[in-house]
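Next come two complexes built around chain A: one with chain B, the other with chain C.
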Partner chain A sequence: MPPAILIKIRKYLRPDGDKNAIRIRRRRKLIGALWASLPSVIVVLLAVGYLWMLSIPFPALGQRTYIDENALQPGQVNTHWNWDDVHRADRYLEALEQLRDRNASSVEVADYLATEFRRAGLSADTQEYSFFTTNGSKTGVNAYATFSSPRASGTEAMVISASWLSRTGEGDGTLNLRGVSTVLSLAWFLRGYSLWAKDLIFVVSDGYLEGMQAWVTEYHGVSQPNLQAEPLRLSSGVIWTALNIDYPGHSFSHLGVFFEGLNGRLPNQDLINSFQRISLYTGGVPMLVYDHRDDVEILGLPSWTPESIRDNSELKEYARRAKNVVRHVAYQARGQASGVHGLLHQFRIDAITLFAVPATGPHGFHAIGRIVESTLRTMNNLLERLHASFFFFLLVGPTTFLKIGSFLPSAVLISVAMMFCGLQGWVKAGWVWMLDEAQATKDEKVHKRVGNGRWSRRQRPVLKAVMVMAATHGLGVVVFYLLTRSWYLHNSTVAPLLVSSLLAVLPLTSLLLLPKQPAQEAPLPVMLKSLNLCLTSTVISILSVLNFSLAAVIAFLTGVPLCYASSSARSELRIAKYMAYTTLAFGWVALQRYEVLKAVANWELLGVWFAPFMCIVYAPLVLQAALVCLLPSESA
Partner chain B sequence: MDFIVTFPALVAGRLVLALSPLTHYLRDDHLLSSPLTSYSRLQEGIYLFKHGIDPYSGSTFRHSPLLLSLFSTVIPLNEVTAAFLWTASDALAAWSLVRIWRARQNVSSSSRDSLIAGLYLLNPYTFLPSLGQSTSSFENALCLLSLMLACQKQASASLLALAFLIQLSLPSILLLLPLLLLLISEPTSHLASPFFFKTDIRRITPLAGQFAAYILLLSGAATLVCGNLNWVEKTWGASLTLPDLTPNPGLWWYFFTEMFDHFRPFFLIVFSVHLLIYVLPLCIKFQHDILYACYLLLGILSIFKAYPTLSDPGLFLSMLSLFPETFPYLHHPIVTALLHLHAALLLPLFHYLWLNQGTGNANFFYASTLVFGMANGAALLDSIWAGLRIAIGEVKEEHEVLQE
Partner chain C sequence: MRLSVKSFLCSLCLGTLAVARLSEEFNEELHLRPLPDGKLAARFSFSTLLKGATPRHPETLGVEDESQLYTLFPLALGQILREYAVTELHLTLNAGNWNYDRWGYPDEPGVGTGAELWAWMGEGGTVTVDSRWRGLRNALAGLFCASLGSLDEQRTTSPVLTFQPEGSLPNGNASYQLRHATLPSEHVCTENLTPFLKLLPCKSLSGIASLLNPHKLFDADWHGLGVHVRYLESAGVEVRLAFQAVFDPVRAASDKRRDWSLSAVFDRRIERVCPVARSSVIRVRLPQNEVYAIIPSPSTMDKTYATYIVQEVGKPLDVAIIRPEETLFEYLIEPQTHISVHRTLNGASQHAGQLALTITNNHDIQLQTGYLETMPWLLQFYLHTLHAHIDGMPRDDLVKLISYIPPLPHVQPALLQAVLTLPPKTTLWLTMDVVKPFLAYTEHPPDAQRGWDLPPAVFVPFASQNGSETDSDPQLHAVLSDVRSTRMYTPVLLVDLATPDFSMPYNVIIMSCTLIALIFGMVFNLLTRQFVVVRVGEQSS
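Let's look at the complex of A and B:
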């Protein structure tokens, strides 16, 4: 005889009676409890998701960076870059300044560069290109040189590049003369060593981004319809890694690292980490994330705030990290490259830009040369591509980062909440609680418990809802078509207004769908909301692995509005809600003209899919929520 | 809408797409064509064959010798003929599907005909592989043709179509038993009123003999084409021994890339034999409606076969339209649909992250094939549930159906 307590437990787990009846009862209880708690579960998921997003820059989160690939061995070599190399760089700078002062053309500059590369004993060439976009054409000439590795067959290569225009102000016209001089002097210097196991390719690209786009697409033999570029006469192996040097000022105090590529692609984090260590320990130059100096007053709070808040180190660290995260999201979500390196990412090349943050001192050619030399030696050590799953990271500080597991859930939780909300809507659309006629006047909630009513099935207007959704996405395609026409680009006032008023009015035609609704069918808004939420949730969770920042921004913008979109009885309220949602969907057409032009230019020039995504996916999804608000919930 | 109008319109639309340059981008996609069905490999084999080199001496060509002889003698394979051929094959498949539907409903035409044809011709899982000119489209067409002929009681033609199908893809042999049973029973829907198999089961013996004769005949023809028996190992053997581990949307390839070599034979046997265990139970459980058993077996094949492409699940999902009587009894159609939506977006995305962008690795794509497997499994299990549940009919208020 087992002890009494065991019998009790057994009885609790396996009560007497019909086994199946107990199963049914248990299942109903479970489903009932789940259904009753679903609204609060959704609220909790949304709250945790949003709070998680806000706590990403929190100092307690994140870990120190480390080198994952042992072969890299950063900073383990003696550097040989010396003052005569610096002197040569200075001489090149003088020559380039002369070219600048007499306003030399692209062809002249490129010819000069190619000649100098040849004088250094490298095979060099120039490449002319022209881009044709809706906004006019851009032409230029690149110069490049290759150095065959003395140690290997030249199947792999590294690129050292500088663009003619610096990334200061996203290519606002500041020249990158010192960066170009560094590359020229490095060409002389690096050629003198026999330890290279990979080919070296020196590229000086014209313009800011377009020159490198022309060079790199031609190098990989990819044709772009709106680009006419000379084919490259010199070739080399598969490019694994690349360093882009951007040195616009006279001297620098820190080296900033820029790493975001086109369409949110990131380079392997090992490259950034190696560079950070080399820069600090070999060159003695601290690394920054972007050009965010850590010595400036970050909080910018007014003087009347209490000392304890103004000088709180935790708070300062939070603000510092938040600044980095916001900058990162701004680049990644829009799919923009934060520098010339970003164009190389599309061909699986891990590349970063070293940005010499302009300052009055103390560093110059001597430091940057040594750092580049040592970084190239590290990259030279690679036996296989940087491959470890080190591509998903969020760099919050020079030596702190977040792993994928500590930032991805923020967006995914919001998307899960939306999915639950959508499934809840699906159930609600298929079932309706019918009251018994005798007690129909009383409160509904009481009846559920008493049981004076029953669930009855009704038809779901799935096809109608899907058609409405397809129509909104079709509208998105039309909008995208309009935005890429030249009359829109050249007409700065009328065109945006015309487009946005079209967008506000056209969806109203869906109101015509209503009179046909049969009584036995669920109201269209309920169905539409359910499917809209399911689709949005899918888009967010899938996008989060491709471009986390974009997924997070969309989750942030649409999470609460889409979950709590609902129709109401009063028609004025419905119209007001509709206007608000339409503004969220398409407001940027009228309000963010500069951004629209930039996104369209990026699409045409570099194939950044942010613009079509916003037009064809994001805006229609929010527009569907707007329609949910607009359509009357009960068909009269 | 009238079937006579919509069907040609749909086929014409498909033909325009097939002639567009889209095919070049889809031709070598791992999701759309496997090493056993790839168009590029077919071309390679034909080239070798025409130049007097045995295409089966290497390891790239794994198509049936019958395709080899067809394309090297009767029909030249080029951009234009391929577009017509693949569209015709899909048209044949859709037409067969409609004929199966008519036979099942015992009518000569119905208002759902256009819908059913549309569900096959516009199903992205079937039309993308067809645009990518994967020979799995031929397999689908032969499978539906064989089922259609069986529904119409044309035993010899049906068995010949099945024999051709097996020449192209060995795993389809699972369909033999249900097809034989279908030939001696009715294709009309009896899901709601189950009964024991009425006809004498021994009547399938002569049919099986006939089938064996066809198989021998076609194998003989194949051997004559090649001049030796190398093709057996390279074509049929491939789906049993998995020599080519090119990624595909199925569940085999990753498992066998990870495996130590000394376990390989054992797990190859497990994976292959595992497919066989479903045939008898399904035929027994659905003896009142063998067509439904065929449908379920195609679902199982689409999940578990060695070299699946998207057109295998596509065939299963398109066939769902034949059984509208089960729709009210489906447990979780929205979950299945969402799983498929996720899988359909994740598969190409993770494939891209791994092989193009380089930020992901093989595990990413494998994870997406697992999601895809779950989506197909959800569809299959729900179909089995609905097919059995329909027999119980409407239950009274406060009653529930429970599976023991």
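Let's look at the complex of A and C:
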């Protein structure tokens, strides 16, 4: 005879009676409990998602970077770049400074560069281009040269490039003269070796981004409707890797790496890791992520804070990583290229920008030449495209990164919360609590009785909700159309106000869609909210693998507001909520004019889909939530 | 003819060397030519003539062959030629891109990157041409340590217009077939040179061949070796072994000047002559309109050439050209050939693309050129999209006589031949849409992320068909006589086909196993479950 406690447990687990009935009852109880706790599940999911986002820069997370492709062998070669090459670079710099001082035109500069390339024994040519955008046209001349490597079949190529304008200030006019001199001197130096297995292409692009866009699209024979560019007369093989040199200052202390490409594309991490090791061990120059110096006071706390907080190394590390993550998200979410290298990613070229962080010393042409030479030798070792290492990563420090698995769930958890919330709304929209007994007994689909009312089925006006949603997306298209017109670009005060007032007023027309028989049909706001949440959740999930930063930003902005959008009885409150949500949706049109102009320019020049995405997808989704708040909810 | 071969072989059997020397003849020549961009082209040519011999007739393949006794003629190669009854054979193994614009036409026309093999073989007998071609490929692969076995049916074509026999074909009434294949990804290195040297009577021990120093040859900007076998009706069977290289004296020199000498370029001098060579000649093309000195003094010399007869001049021989007045060499390049060709594969997608060619006529007279693509099925042409443009204006009338054999996936390559007319001093743009097929995962090479090398296109500029026009214009006549029957190879291309991540199979196996397990569980559950009505309500209340 077993002990009594065991019998009790067994009785609890296997009570007497019909086994199947017990099972069905248990299952119902479980579903009931889940349904009852769904609001708290949603809260928990949202909280975990937001906290996860905040904990991405946590020093305990992340792992050391490593070289995945064995062929790379970074830093394993003797470099030959020497002081006479530095001297040559200095001579080129003097010549370029003379050109700058006498305000030479693009044509003159490009001709000078092509002549110098030719004197080095390379095939060189220039390429004229003009872009036509709503903000006027941009013209320029690129100079480029190809070196067909001895003994190589010329089927693969590496690009060494420098843009005429530095990335400092996003091409606000700071010249990249030392970068260009480095490329010229490298051209002379690199052709003296027979060890290259790939062709070398030297490109000095005019302007900041536009020159390279003209060059790289022509190289791949892709036409862009608003671009008129000379076809390239010289060709080479398939470009696998590219280094862009940006050296605006007199000397530098660190080399910063910029790696974000158009539309959130990233190069293979092996390239960054090899460069980091070569820079540190061959050139003796520490690498930075962006131009974030690690020696500056990172926290910037006032002096009255306790020393234990100010000097906390964990906190400092958190702040340092957070700075890198925020910068990364700012580039990637906007789909913006953080340098000229970013334009190459669209053609499957792994490229980074080496940014010589301006400082009073100690490094100059000697260090950068050796580092570029050694990095090229490493890239030269490749037998295949870079494919071994990560394409999805978050570089939180020069040697620390996060794998996709450790940051992707943050956005996805919020998206799951939204999906649960939306499905909850869908179920709720199908049922109504009827108080009238007499009417309810006629209804066939009576399931449950509580107190003196009952749950009964009602219709869900899906079509109406979908029409409202389609109309908001249509409005998004209109907004995008307006933003890309020249009158918007030129009227800096009137146009944004006009567009925003249009946006505020037009959605009010949805008030006309009120249902005539409120009892038979679920109210429109409930339906709208449910569908809106499901759609937003889907968009975030899909986006999270295309462009994580953008997905995270959208999830961060819309997670709570969309889940907790609701109508209320008081019309003043409704209007206030509507205004708040509309500001979240379209506020940037009026408030962030500079950002709007930049996004539109990026769309027209480089095909960055951030601007259309914000207009046609993001803003309408929030606007739908605004309508949820605005429309009166009759059932209440 | 047959009688003379027999008597010659008999004499060999008797071991009378004097007779043998009369029947076999070995000549060697080195041609050195400065190029306009400061480089130096060197062409070694070693030819062995088997006097009075004829290629084996394919109908005698079933019966036992005559014994082969040679003193100078390479036996290893002779056996292959007889075994597969090959009349004419050309094998080239090249590394690098021949830069026509800077270097002009090469001395040996076969400069396509990688391996190229073409052979003319007679028909008839019990063994088919294709099976002999397969045997020939494998035999040569073994002889030269090259991956010629990969030149399989998927790469073999028969472009008879472009690859006409260079010698004569015996038995005028018999029919002959051409087999041609290229392998652009093949690399040439020492393991190919060593068997090549073994075919020479003096190896690399003496004579001109002693300059063949692999350390220097394989450091050259361009280098390639070739084996050419042809039958000359009046002479016999000739085997010519050729090595061609383009050196860069400027790169090698510490003072960055383009003076060169044999010892600087090859790191060797000619210490002694090859005793069996009938002639052994070094010809040096002299710089024009420049101040220079050539040492030692040549045997004979005219305006364009200095000639050294190696037997006559003092040894060790170290030919050198010095330009005492030149301190810094300035590059100045004009196109050196009649036409310049660029070929690119446009488009960034892994599904479709566009093959684009720009062909520039550098002369001020109209030229015509044959255009040949032997494309493996890895790139499939949409022939209806083949269009020609000049300065943006459609000029499809300039593309004539298109012949096209479509590819058979996994079986045979495409063969596209056309004749292009090039107006004077213009650039013709030729574009054609292509589609990239999807490969089975077993068809990918080990380094799958590299892509596939595509063979070069071949251009043959030729005389206008209108003969009278050619005769009337002396300038045109001069140009065309220079152009005639020179093959020009474009650089090879690399195509990216859709490539799976090959770590993927594990993920795929795990994923699909999980899915199958889940589906099986559900179906099994449904199939074995009994459906009954359960009263729940009564018990719950």
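A few comments on the model shown:
Keep in mind that, in the parts below, the second predicted complex is superposed on the first by the 587 of 636 C-alpha atoms of A that agree within 3 Å, B and C clash if a C-alpha of one lies under 4 Å from a C-alpha of the other, contacts with A are read in each partner's own complex, and residues count from 1 in each chain.
Simple rule for what comes next: a residue touches a chain if its C-beta (ideal position, glycine included) is under 8 Å from a C-beta of that chain, and two chains touch if they have at least 3 such contacts.
Being a predicted model, the structure only gives us computed values, none of them experimental.
Residue contacts after overlaying the shared chain place A:463 against neither chain B nor chain C. By the touch criterion defined above, A:24 lies against chain B and chain C together after alignment on the C-alpha atoms of chain A.
When the two complexes are overlaid on their common chain A, residue A:220 makes contact with chain C while staying clear of chain B. When the two structures are aligned on the shared chain, A:387 is found in touch with chain B and with chain C. Judged by the touch definition given at the top, the superposed model places A:348 against both chain B and chain C.
After overlaying the two complexes on the shared chain, residue contacts for A:237 are found with chain C alone; chain B is out of touch. By the touch criterion defined above, A:192 lies against chain C but remains apart from chain B after alignment on the C-alpha atoms of chain A. Look at A:546: by the touch rule set out above, it reaches chain B but stays clear of chain C. In the superposed model, more residues of chain A are touched by C than by the other of chain B and chain C. Within the superposed three-chain model, A:151 lies in touch with chain C and out of touch with chain B [touch as defined at top]. With the contact threshold set out at the top, residues 20, 24, 348, 385, 387 of chain A are in contact with chain B in one structure and with chain C in the other. For chain C in complex with chain A, the touching residues are 37-38, 95-97, 99, 101, 113-114, 184-185, 218-223, 248, 250-251, 330-331, 333, 342-344, 346-348, 354, 356, 358, 447-451, 453, 491-494, 496, 501, 532, 534-536, 539-540. Across the complex, chain A is touched by residues 334, 338, 341-342, 345-346, 349-350, 353, 356-361, 364, 397, 400, 402, 404 of chain B.
Touching chain C in their complex are the following residues of chain A: 17-18, 20-21, 24-25, 28, 118-121, 123, 148, 150-156, 191-194, 220-222, 231, 233-235, 237-238, 346-348, 383-385, 387. Within the complex formed with chain B, the chain A residues making contact are 20, 23-24, 265-266, 348, 385, 387, 389, 391-392, 419, 423, 426, 454, 534-535, 538, 541-542, 545-546.
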